[in-house]
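The same chain A turns up in both complexes below, where it pairs with chain B and then with chain C.
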Partner chain A sequence: MLMLRQIYWLASKDILIEARSRQTIGLVVVLGVLIIVVLGLGLEPSQTSGFSATAILWVAYLFGGVLCFEKTMAVERHDEALAGLLLAPIDRGAIYIAKLISNLILMFSLAIVVTPVAVLLFHFDLSAALGAFVLIMSISMVGFAAVGTLFSATISSSRLQGGLLAMLIFPISLPLVITSSQLLLRIFRGNQELSFSGLSILIAFDVIFLVASWLVFELILEP
Partner chain B sequence: MAQKKRIPTPAIIVYWVVTLGLFVGGLFLLAYYTPANLRTPEYDAGAAQKIFYIHLPIAINTFVAALLVGVAGVAYLIGRRLVWDDFAYAAGKTAVLLGGIVLLTGVIWGRSAWWNARPWFVWWEWTPRLTFSLVLWLLYVVYLMIRPSIESANRRALVCAVYGIIAFLDVPLVYFSTKLLPDLHVPPGQAMSSGMKWTLLYWFAPITMMHVGILYHRFCLNRDERALYESAYDNEQTPAVA
Partner chain C sequence: MHAASTGTSTTPETPQAADSRPPEDVSAPTTTATSTTAAVHAVNMTKTIDERLILDRINFTIRPGQYVTLLGANGAGKSTMLRILASLSQPSRGKLTVFGHELTRASSPSLRARIGMIGHQPMLYRELAAVENLTFFGRLYGLPDARTRAMELLEYVGLADRAGDPVKAFSRGMTQRVAIARALMHEPDLLLADEPFAGLDAPSTRMVELMLARLHDEGRTIILTNHDITQSLRLAEHALVLHGRRIALDEPTADLDPEEVLKKVGWTSC
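Our next item is the complex of A and B:
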């Protein structure tokens, strides 16, 4: 119970900082919309019908997500706040989960803005399986955030973080991109039901990396 | 500091001579002991099908290299000894080298095969196996690319250890996710004749020996390089405890 309360405190601290300063969410949302616009200008209208939605949205989510991970960890690096956090009697695993939750809240707010914009600009028709779309994307995002949170803590002390973090996370997240886009292709183009075997790959990704990150996090966090 | 000249010991010379001998023997087996072509009415494996006997052992060795990167990463996180990082770096390099050869041989093999009198593949198709090898290769290319961009040796070892572990855990996930991709044609499963089976088994020997040899030399080089660097910048020697 104490751990849950600690996680709640840590995450709400991050969200409170973000709500007062609004330095990350504005940046991330604008970046996401910009990516969508650039892709929209570059693609033929015929290429942007429903099933290419995942590809376009993934690009926006991936880059926006990396920015979220960097910023939530940069808050701790600022003024040596991390040293204070590490001195506090809190399990490192709790710190990881709390960071993950604040990253997820940021990413979901990004998705809530960017997805309708993309639907509007590209005439995506998601009505056929809106529930499946939300489910697949949410599960994918949890896995993406699990990996991203881990690596943002690993490298945040080096100076070249920007490109480096994206380099680390993107190849690891490729199974998520492949699986979610294939599943959505089948649903939207092939009119198939959502198969559990496909979904189980996404769930396995989430579980494996949540557990692995939780175990490794203890060893890597240093001021 | 006096430079120590690295002279190959007799054991190493013998090792490489044996490896080379096994390679030459393998080429003879390929030439005389395996069927020249595999042909069914609709499938023609093409002249390049003999690449398969080299392709598969190298692919298996790539997985072994990936595993070694992950294991060395775990060992580093537990013991915090930079020697493990030197080893992981060497294994990462061989993983990229072998993975690259797997990709190349796979593409050549696929291009030369014929299915219903037309090329089975163009050079590249997004089929499960090709995508899997490409993603696997990219994972370890990134591993090599991130190393130079982190300056502190301990920090670099830490990031790379975590990445090595996560990347290895990623391999089965990549495998299963690429299985969702549509597979165009699957060549008909053919029972392997004993000649084919033994040639394939034989080829594991020279390729694994080559792999181990390269790994060993690379590891020694990394270790010496770090020792040289540490003696030049004594202040870099931070305590092993994080």
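Our next item is the complex of A and C:
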């Protein structure tokens, strides 16, 4: 119960800081929309349906996500606020979960803005399988945020941050992206049901990285 | 830890006797009584960073309630030692006990709750107001009424009228005062002050000096690092001097002359 309260205070603090500064959400949404628009304009209408459309959406989510992970951890590095957290008598796992929740809120905000833009530009019919789309993307984003939150904390003291973070989390997230894109493709073709084996892969990815990140977060977190 | 609800006035602890070990003594002390009664007890504490030796077999003991200044030239390892004492870093070898408990990466939250730190950086969130920062940290420390305590401390550091202003709007001196309030939110038994006067003007410096003196009068153990040797010897009752990665001097400040200390830290003049 105490840990839940600590997670709530830590995540609330992140959201309050973001609400005041609006630095991350503004950047992330602009980047996401730009990616969708640039790719949408650069590809023929025949190329932006089905698998391509979901892949383009994923490109926007991935790069927007990396920006979220960097910015939310940068808040802790500024003025060594992270040291203040590490001095406090709290489980470091609570810091990880709170950061994950903050990142997920930002990523879902990104998705809420970017997805309709993609639907408009690429003319794919989301209404036919909206529930399945939300389910698949939500499970996928939890896994991606689990990986991103862990690695952003690991390398946040490094000067390479941006490039290094993308290099680390993109390959690790590849199984998630491929599985998610394939599941979405089957749905958008309209003639196939949601694959439970595919969903199991996504859920297994989430569980593995959530548990592993929770366990190792204390070891990798240095002020 | 002192009771959180009692404000800044708390019952002083009784300093307990403990021997200070000669700096040349590199053998592990055998008296377990010393490690269990001391506020801080280091035995052959060694720290290497990237294979570079920063601290080499450090031995010292600090009694509860003692006001100690840790002196040394730039790069002598003062901040590293304070970060180890705060459990933000771990010794590479040797043993360090704080209030009888060995400090490790997995130090218990109850032990961390007895330590407060004022660092080079304020450890605050610039976007949040002073009172929001203090309330947030107070909640992490489990204070029952963190906001009231935050307002008490802002009153204490003379910033009650600016409680709702974001920290980013504060001067260096004001930010430092909020940082001190943050370190005192949970009424720590051991306060680590890493150059708390850096960048402060004369009135702010005096205010921080008085705050530290008051905390010492309340019975808290204070370890202060500072570049101004004369000021440090005036404020503290005991001095530890780091030189050549070792403790070069471990004596009461009353017995020390600033010039003598300057020689020990490796400086030839002010």
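Definition applied: the second predicted complex is superposed on the first by the 220 of 223 C-alpha atoms of A that agree within 3 Å, B and C clash if a C-alpha of one lies under 4 Å from a C-alpha of the other, contacts with A are read in each partner's own complex, and residues count from 1 in each chain.
Throughout what follows, contacts are C-beta pairs under 8 Å (C-beta built on N, C-alpha and C of every residue); 3 or more make two chains touch, one makes a residue touch a chain.
Just so you know, these numbers come straight off a predicted model, no measurement behind them.
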Query raised in the report: Which partner does A:A81 reach: the first (chain B), the second (chain C), both, or neither?
Result: second
Requested in this report: Kindly classify A:V216 by the partners it touches after superposition: chain B alone (first), chain C alone (second), both, or neither?
Outcome: first
Query raised in the report: Does the superposition put A:T154 against chain B (first), chain C (second), both, or neither?
Result: first
Query - Contacts of A:I201 with chain B and chain C, given as first, second, both or neither - result: first
Query raised in the report: In the superposed arrangement, which partner chain does A:L174 touch: chain B (first), chain C (second), both, or neither?
Result: first
Report summary line: Dual-contact residues of chain A, meaning touching chain B and chain C, are 219, 222
Query raised in the report: Along chain A, where are the residues that touch chain B in the complex?
Result: 147, 150-151, 154-155, 157-160, 163-164, 167-168, 170-172, 174-176, 178-179, 182-183, 198, 201, 204-205, 208-209, 212, 216, 219-220, 222
Query raised in the report: Hey, which residues of chain C end up touching chain A in the complex?
Result: 83, 86-89, 105-106, 109-110, 112-113, 115-117, 119-128, 132, 136-137, 139-142, 166, 182
Query raised in the report: Which residues of chain A touch chain C in their complex?
Result: 2, 5-6, 9-10, 13, 16-17, 20-21, 75, 78-81, 83-91, 218-219, 222-223
**Report entry** chain A-touching residues of chain B, taken from the complex the two chains share
**Finding:** 77, 131, 135, 138-139, 142, 145-146, 149-152, 155, 158-159, 162-163, 165-167, 169-170, 173-174, 176-178, 180-181, 242
